[in-house]
Amino acid sequence: MPHSLRPAERGAGAFGESILLIGPGAALLIGAFLFPVGQILVLSIVPPEEGLSIWTNFARFFEDDYYLRVAWRTFRLSVIITLVTAMIGFPLAYVVARTPRVVGYTLLLLTVLPLMTSVVVRTFGWIIALGRGGPVADLLSLAGLGARDATLLHTETGIVIAMVQVLLPFMTLTTLGVISTIHPHLEEASRTMGAGFYRTLRHVVLPLSVPGLVSGSLLVFALSISSFVTPNLVGGVRLPVMAGAIYQQATSTLDWNFAAAQSTLLLAAVLGLLIPYLALTRRRHG
Amino acid sequence: MSFLELSNITKRFGTFEALRGISLSIERGSFVSLLGPSGCGKTTLLRIIAGLETPNGGSVVIDGSDVTRLPPEARKLAMMFQSYALLPHMTVLDNVRFPLRMQGSSSTADQRQRAHEALALVKLDHLADSRPRQLSGGQQQRVALARAIVYQPRVLLLDEPLSNLDARLREDMQIELQDLHHRLGLTTIFVTHDQEEALSLSDRVVLMRDGAVERDAPADEIYDDPGTPFAADFLGAANVLKVLVEPSGVRLSNGQMLTIGQAPKNGEALLILRQEDLSLGEGTLSLDGIVEARVFMGTRVRYVVRVGDDTIRVLTDRDQSAQPGDRITVGFSPERARWAR
Amino acid sequence: MVKRFPASALIGGGFILLLILVFMLLPLAIVAAASVTAGSFLTFPPQGFSLRWYGEVLASTAYLGAARTSLILATAVTASSVVIGTAAAIALHRRVLPGTSVLAALFLSPLVLPTIIFGIGLLIVASIYFGGPSLVALWVGHTVITVPYIVRTVAAVLSDADPQIEEAARTMGARPLQRLWFVVLPQARAGIIAGGFFAFNVSFDEAVVALFLRSPGVETLPMRIYGQLEFSPTPAVAAVSTLMILLTIVLIVAIERFLGLRRVAG
């Protein structure tokens, strides 16, 4: 029966009222969000000198070994970070979904707490932990994996460890969203049909969680290639990533056109990942 | 012209025709039920009267003025919703006072006074300071009722108000609703899918089907003479038999001939027999059949009996007993037979 | 009764879980531990116990100034984004406007677009059209990135609310503004409060947009901490960071009380 509120039935006043309500927000987002992002696109095709091609800034990026190495490092690290997060995030999400509410809830809270603390504070913790004499470096030397007085600061391993911690909540929450829609009866049915716990996990839960793992991976990868605070502080100047390089050019060398071109490339990569991510999550919610 | 006039109301949702030209005249002070299965358009019609939906065609006239284009807040009606729609952040008293406050016609003290009176009318004055969620379903229901009657609305609209209550509470509420109607004399329109509720509460039943009025008559009349097979079925699970009217009598599908007065003209016709008008054993008229099933229902027993190609239901007292497979006779008196139009 | 989980899964799972939790909480715990050292250098484990670095922070005009800037900024951001976000969420919830789903996507997009891209765009616009970055530019930038949180929390509570209540209010004679004030805003209350705490937390902790919009005389706490971390941090940085962690915990508890984290997170 047509019970729900129908747009046309709210009366003529509702339209004007909605315009008034959404107006300030729409103006803010168009003026202070879409316009600045559009400005990047415009600047990226403005050549440094008149008469040059609109692709000049992009050509500079692709012709310089340095930037290509930075881009390759960014890509490689992000792939590793995404894989590690998925491997840790799946069991964590499963446990949160299947343990008693209180336990799962506490776990969720403890996962979200780091997400909500400032990125500089979290990174600071890793600087101490990974640095000389820090617990992680000590642990590694105890296990015979590193020299005494070793440090993971300014190493790619260090960047991966710190970034995984920063991004794990995104993977866990996205995967949890999918796992919590898997009815426990499916697992029980699988058990009654002779599959053990691990085989049930492998053949029932994991395949059904794939949409969550895929969208979580897309999100984590997108966030990973575009973050700069953690890689900059942990990796230092010797291991620049793309976002860090953009930050340097925008704030120190003030080479905006080139920074805009790199941002455009990053934006294209991120949109290329986020659009499938949004499509995946929307289908699930819709 | 009646107090509330609906003329040729049509309503479409996309390609779905929810209402196909409904016209109704409702007298001041009457209690009318809109009855029908879900999807028949009864709630849509109620919402159009309230102003919550705009019809595609037709008009709504209340007390001589056309309100078709008027928003709900300007219509001075009251509607009680299935979910009760109590404001969770306000006390019971503030909920009941809400319409008075919106219209801002009197002082706060006066509004509180009237809200208390309305609450007293539904015997809930002692809960005035509670929050809706602290009340039981039946109490919430009565708060919603008090809120609906507090400002003497021109029409009281009730949208399946009893459907969320259990059987006992529902009976109590029915009595209360009737009592209030008699005391306040409010013009009341009541939407329900429950035929018993419609028959017991209202003095007029409008039976709807697929967006049109199937039958519109006083409650007792519509029960005694449903008029159409759909109405017969919906209003009391009556038996509808396809028969052939011949000059010598009425021929059933099993070949039996009956003599029934006031039969329509010769040819195919539909004979309506109420379950409770039938009994096991010989009557003035008798049908031969075989018992297919026996359903024990406490004070009564329902038999499903096969008569030729037709299956009929018989509602009898407990003492008449037959078992599935038995060959029996079903009797009835000819004046109880009705013809579908 | 058959055991749902074999012992190996319970033990192994418990162990993995413990490791993950240690891993997740490690940096925060280390910062807190390092802040109470009695020594002069940043070490873990700390040397002895003292609150001297907290005293140092509370006596430092630079830190107090940054804290003041952060508080003013976060308060202003919370106010602006609560007003803008709540109004937008109500309009989006009503679905009266054409293209509501496109608008909804627009309002949530700052949540998914990497802040670095937004940050550089804002820096460019502020520099070209407004004579350089400023606290006002930062306020606008933070409002943009916090509005989606409000829209989400308010939309979530509104979609749980009984839609018949607003209709009932109409039949009882409530006009549009009265419905907004007496029905919709009370219905949205929990979402507004939780979203406000969210916005405050995000703005107070935000570093990326702040770093891009660095301008003379404007320094927030995260900007100051970042600057210290680039060189050689002292235990005072740990003390400030610990205070920020505590503030976040307080805000999380508040959000949890008003709305429940699961609804915001999911």
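All chains are identified by letter, namely A, B and C, in their written order; residue positions are counted from 1 within each chain.
FYI, contacts are C-beta pairs under 8 Å (C-beta built on N, C-alpha and C of every residue); 3 or more make two chains touch, one makes a residue touch a chain.
Just so it is clear, the model here is predicted, and its values are computed rather than measured.
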{"item": "Busiest interface, counted in C-beta pairs", "value": "A-C"}
{"item": "Relative to subunit B, chain with the most remote C-alpha centre", "value": "A"}
{"item": "Middle chain, criterion being Cα centroid separation", "value": "C"}
{"item": "Subunit B and subunit C, separation of their C-alpha mean positions in angstrom", "value": "54"}
{"item": "Length of the line joining the C-alpha centres of subunit A and subunit C, rounded to whole Å", "value": "17"}
{"item": "Multi-chain contact sites of subunit C, meaning residues that touch two or more partners", "value": "167"}
{"item": "Residue list for subunit A, restricted to those that touch at least two other chains", "value": "13"}
{"item": "Where subunit B touches two or more other chains, by residue", "value": "52, 71"}
{"item": "Subunit C residues touching subunit A - in the complex, by the definition given at the top", "value": "2, 4-6, 9, 13, 16-17, 20-21, 23-31, 34, 42-44, 83-85, 87-88, 90-92, 94-97, 103, 105-107, 109-110, 112-118, 120-125, 128, 140-141, 143-144, 147, 151, 163, 166-167, 176, 180, 201, 204-208, 211-212, 214, 221-222, 225-226, 229-230, 233, 237-238, 241, 244-245, 248-249, 251-252, 256, 261-262, 265-266"}
{"item": "Residues on subunit B engaged by subunit C in the complex (per definition of touch)", "value": "50-52, 71-79, 81-83, 85-90, 98-99, 102-103, 147, 151, 157"}
{"item": "Residue numbers on subunit A that touch subunit C, as the complex places them", "value": "4-5, 7, 10, 13-15, 17-22, 24-26, 28-29, 32-40, 43, 88, 91-92, 95, 105, 107-114, 116-129, 133-135, 162, 165, 168, 173, 176-177, 191, 196-198, 219, 222-223, 226-229, 233, 243, 246-247, 250-251, 256, 259-260, 263, 266-267, 270, 274, 277-278"}
{"item": "Complex interface listing, subunit C residues touching subunit B", "value": "162, 164-165, 167-175, 178, 182-183, 186-187, 189"}
